[in-house]
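Please find one structure pasted underneath; my questions will follow.
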Amino acid sequence: MARHLLMAGGGALGFYLLTSALSPYDDFQIGEIALFAVALAGLSVLTGGNGQISLGHGALMAVGAYTIALEMTHTHINFVVELLVSIATATAVGVVVGIPATRLKGPYLAGMTLILAVGLPLLADKYSGTFGGDQGLTTTPPTAPGSVNPEEWLAWIEIIGALVTLVLLANLMKSRFGRAFRAVRDDEISAALAGVNVARTKVLAFGVSATCAGLAGAFLAVSTGVVNTGEFPLSLSIGILAGMVLGGAGSLMGVWWGAIVLVYLPQWSTSLSNAFNLGSGVAAYLATMIYGVVLIVVMLLAPSGVQGGLRRAGLQLQTTLQRWRPE
Amino acid sequence: MTTKGPTVLGVEGLSVSYGAIRALADVSLTAETGMITAVLGANGAGKTTLLRTISGLVKPSSGSIRFDDTTLTGLPVESIARHGVAHVPEGRGVIEELTVEENLRLGALQLAGRRQRRVALDDVHGVFPFLQDRRHTHAAMLSGGERQMLAIGRALVSRPRLLLLDEPSLGLAPIVTAQLMALLQRLTESSELTVVLVEQNARSALSVAQRAVVINLGRVVVADTAAAISADDDLRHHYLGF
Amino acid sequence: MSLFLNVTLNGVANGMIFAAVALALVFIYRATRIINFAQGAMGMLTTFIAFSLLDKGLGYWEAFVAALAIGFVLGVVVERVLIRPLHGKPEINPVIVTIGLLVVLEGLAGSIWGNSSRGFPPAFSQTGLRIGSTRLDFSHLDLFIVGAVVAVMLLTLVLFRGTNLGLRMRASAFAPEIARLLGVRVGRILTLGWGIAALAGSLAALLVAPTTSFGPYFMDLNLVFGFTAAVIGGLESPVGALVGGLITGLSISYVGGYLGSSLQPLGALALLMVALMIRPQGIFARPQARRV
């Protein structure tokens, strides 16, 4: 616990310095990185920690986003309360989905969550009265105190949210719950024999990851100012999967790599297509194609992602150094 | 004891590891045409690993396996099978979802030409008449002994030159085991078949084998004629349990 | 009443499409335990290639057959290049690769052919058939769809049950290790299975293309519904794919007809969840567990 807090503290300090030094637009992007880190962390715990794959976390983010937007449109309560309500709603949806999901293995589960990713946003289309249809709903960011930049303020909130989430998740994974997650991931039958309630563990993992997705979605809603179905296409869910895979499934430190890629990829791919004169048609598709390529390449070459690769490199370094240690 | 024909199977210096665990260390043995060579030893001694390495399911870390003029080590499993090596794994290895006839036909597919396959199937039906009666039964419905017959029949249908049997008597009634051993004896005497028989039931194996190899903890303890090993009381008590 | 009839007929026609996609998924799943999420997208790609061929002046049926052949080759290539290297690794890895492939293929199609608003020409008339004085919402094209899929289904059954190749394929799927010990070249069989599955997927896409707005994502919903159909049918049997397809097609059609089309995916989700609660192994499941 102490180590986690120390790392979080260091991270907080680093981010503070960064946001103070950079422009409001950069602050906005740092905030985006933080919120995607939250979403990725939740998925990482679910997939890397508990062995359940989900293609539907974009939809869960949508739940968080729409909830907070609805709250802001219809009520005037405290921002923190609004945030908590969105998180709770997303968690509830996650639990509802997680229950039948306990009966499914890998690809079946992926398929079911795929349907969720495709189908849930369509609900907003159907009931466009409530959900604002194509235009969507608008959100208002929390007012910044005094002379602080609103973008900076929001970025800090998102960063704090991310660091708190990561610390809590790290502690969760070290606790008996985390052990239960991993036991179920590795061998359900052995876990059941050891006394673990497999179904409840799986639902818990799903719920936790949904909580993270909900928080990330709420942050996304507030930072972009608008929520509509266009923000949550299937490619978002796949992008989140790609980001998690890239960072390394199960790695909480690795989520930052994935988050950076998710946030900067649209820019990078536009520059890329401009550099090669590929035309605007390609640019639109290039970002999502790169997600796909990432998934394929990482799976084929380095299934444990960047963090895993770094960890392996670190272990190599350790063994090399040990050999040089004088006896 | 007259030696029959040239050496068919030659295993030399075979070492196999599963990760950090050494399953076989420097194992060498030979098996000759028309003979039954028994591979004996306690559970976990490495007997199954030996057969799986010969048939190619497991890759050795060192050593070689030769079968007549061909080097088997490094070949894919299906190539080794097509060279005339039939491996009946532990637990029978019948495909439950297929019928008896389909299991047999699968074995016959290695033979070229419908007539050859028909003849081979008829031969096996002759050896195991019940396989013909129960042709359309799903293999899942067969008893342990019947599955054993099916597995061996399927192996024989491909007209192998080397038959690797892993614990065929496991779970079988003693009478059935005796019949099985008698069958193996008949087959090796009448054809060019070489049999390597892994058995925990050392007594029944020694009753039909001409040669035997005793393995303990992945190493060859002794390789000799079956008669010599049967006669060695200390050896029997220590490694073979009787 | 005529709404009910039309919705039912629609359901049957759509159900056949889902059955074709389901068949492709079943083929691959039986052989390799992988669900190919890129199945729809692969079909979409071959359909776009057919589209280009038609543009270049090739006859309709020539382009059709060419697309099927290209689909087969695509399946073979994907298996050898992307799936085979992952043999022996955790089963989820190739599934993730197919998800990546899905996205790459859609992006590729979008980049190459853009968002063209042209449609895919139909092989047969799309006007409803007439019975007496009523015009049904079921056209010659729909009839062709039903016929084509049923034909493929029958061919698959004949292949599996009646041929030596089919025997090898079943053995490779049920017990790959034993099959190898019997001399079956399991690797090649798997590749062939992917090729055939891709063929079925291409057929589904070619059949559905004229009836819908033709863009890179046009197979997404069909994949979703095909997946539902396959799971309901049991993921192990071609007959299950057909039955699952019909059930899904009819259910989705009723949801669409009476509740609105945007609720159809959620309808599929609900159907899937109900099916999983009642009979998780599917309607035509095998009674025994698969041998490793």
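Labels A, B and C are assigned to the chains in the order they are written; within every chain, residues are numbered from 1.
Methods note: contacts are C-beta pairs under 8 Å (C-beta built on N, C-alpha and C of every residue); 3 or more make two chains touch, one makes a residue touch a chain.
The structure presented is a predicted model; accordingly, all values stated were derived computationally and were not measured.
S.K.: From the Cα centroids, identify the chain that ends up most central relative to all protein Cα atoms.
M.R.: C
S.K.: Counting C-beta pairs in contact, which chain pair ranks first?
M.R.: Ranked by contacting C-beta pairs, first place goes to A-C.
S.K.: Give, as an integer number of Å, the spacing between the C-alpha centres of chain C and chain A.
M.R.: 32
S.K.: Any idea how many Å lie between the Cα centroids of chain A and chain B?
M.R.: Whole-Å distance between the two chain centres: 55.
S.K.: For chain B versus chain C, what separation do you get between their C-alpha means, in angstrom?
M.R.: 43
S.K.: Write out the stretch or stretches of chain C touching chain A in their complex.
M.R.: Residues of chain C touching chain A: 29, 34-35, 37, 82, 85-86, 89-97, 99-108, 110-111, 114-115, 216, 220-221, 224, 227-228, 231, 260, 262-263, 265-266, 268-269, 272-273, 276-277, 280.
S.K.: For chain B, which residues count as touching chain C in their complex?
M.R.: Against chain C, chain B makes touches at 55, 57, 76-78, 81-82, 86-87, 89, 93, 95-98, 102, 105-107, 109-110, 140, 154, 158.
S.K.: Name, in rising order, each residue of chain A that touches chain C in their complex.
M.R.: Checking each residue of chain A against chain C gives 53, 55, 100, 103-104, 106-108, 110-112, 114-116, 118-120, 122-123, 125-126, 234-235, 238, 241-242, 245, 278, 281-282, 284-286, 288-289, 291-296, 299-300, 303.
S.K.: Would you tell me which residues of chain C are touching chain B in their complex?
M.R.: 164, 167-168, 170-171, 174-175, 177-186, 286-288, 291
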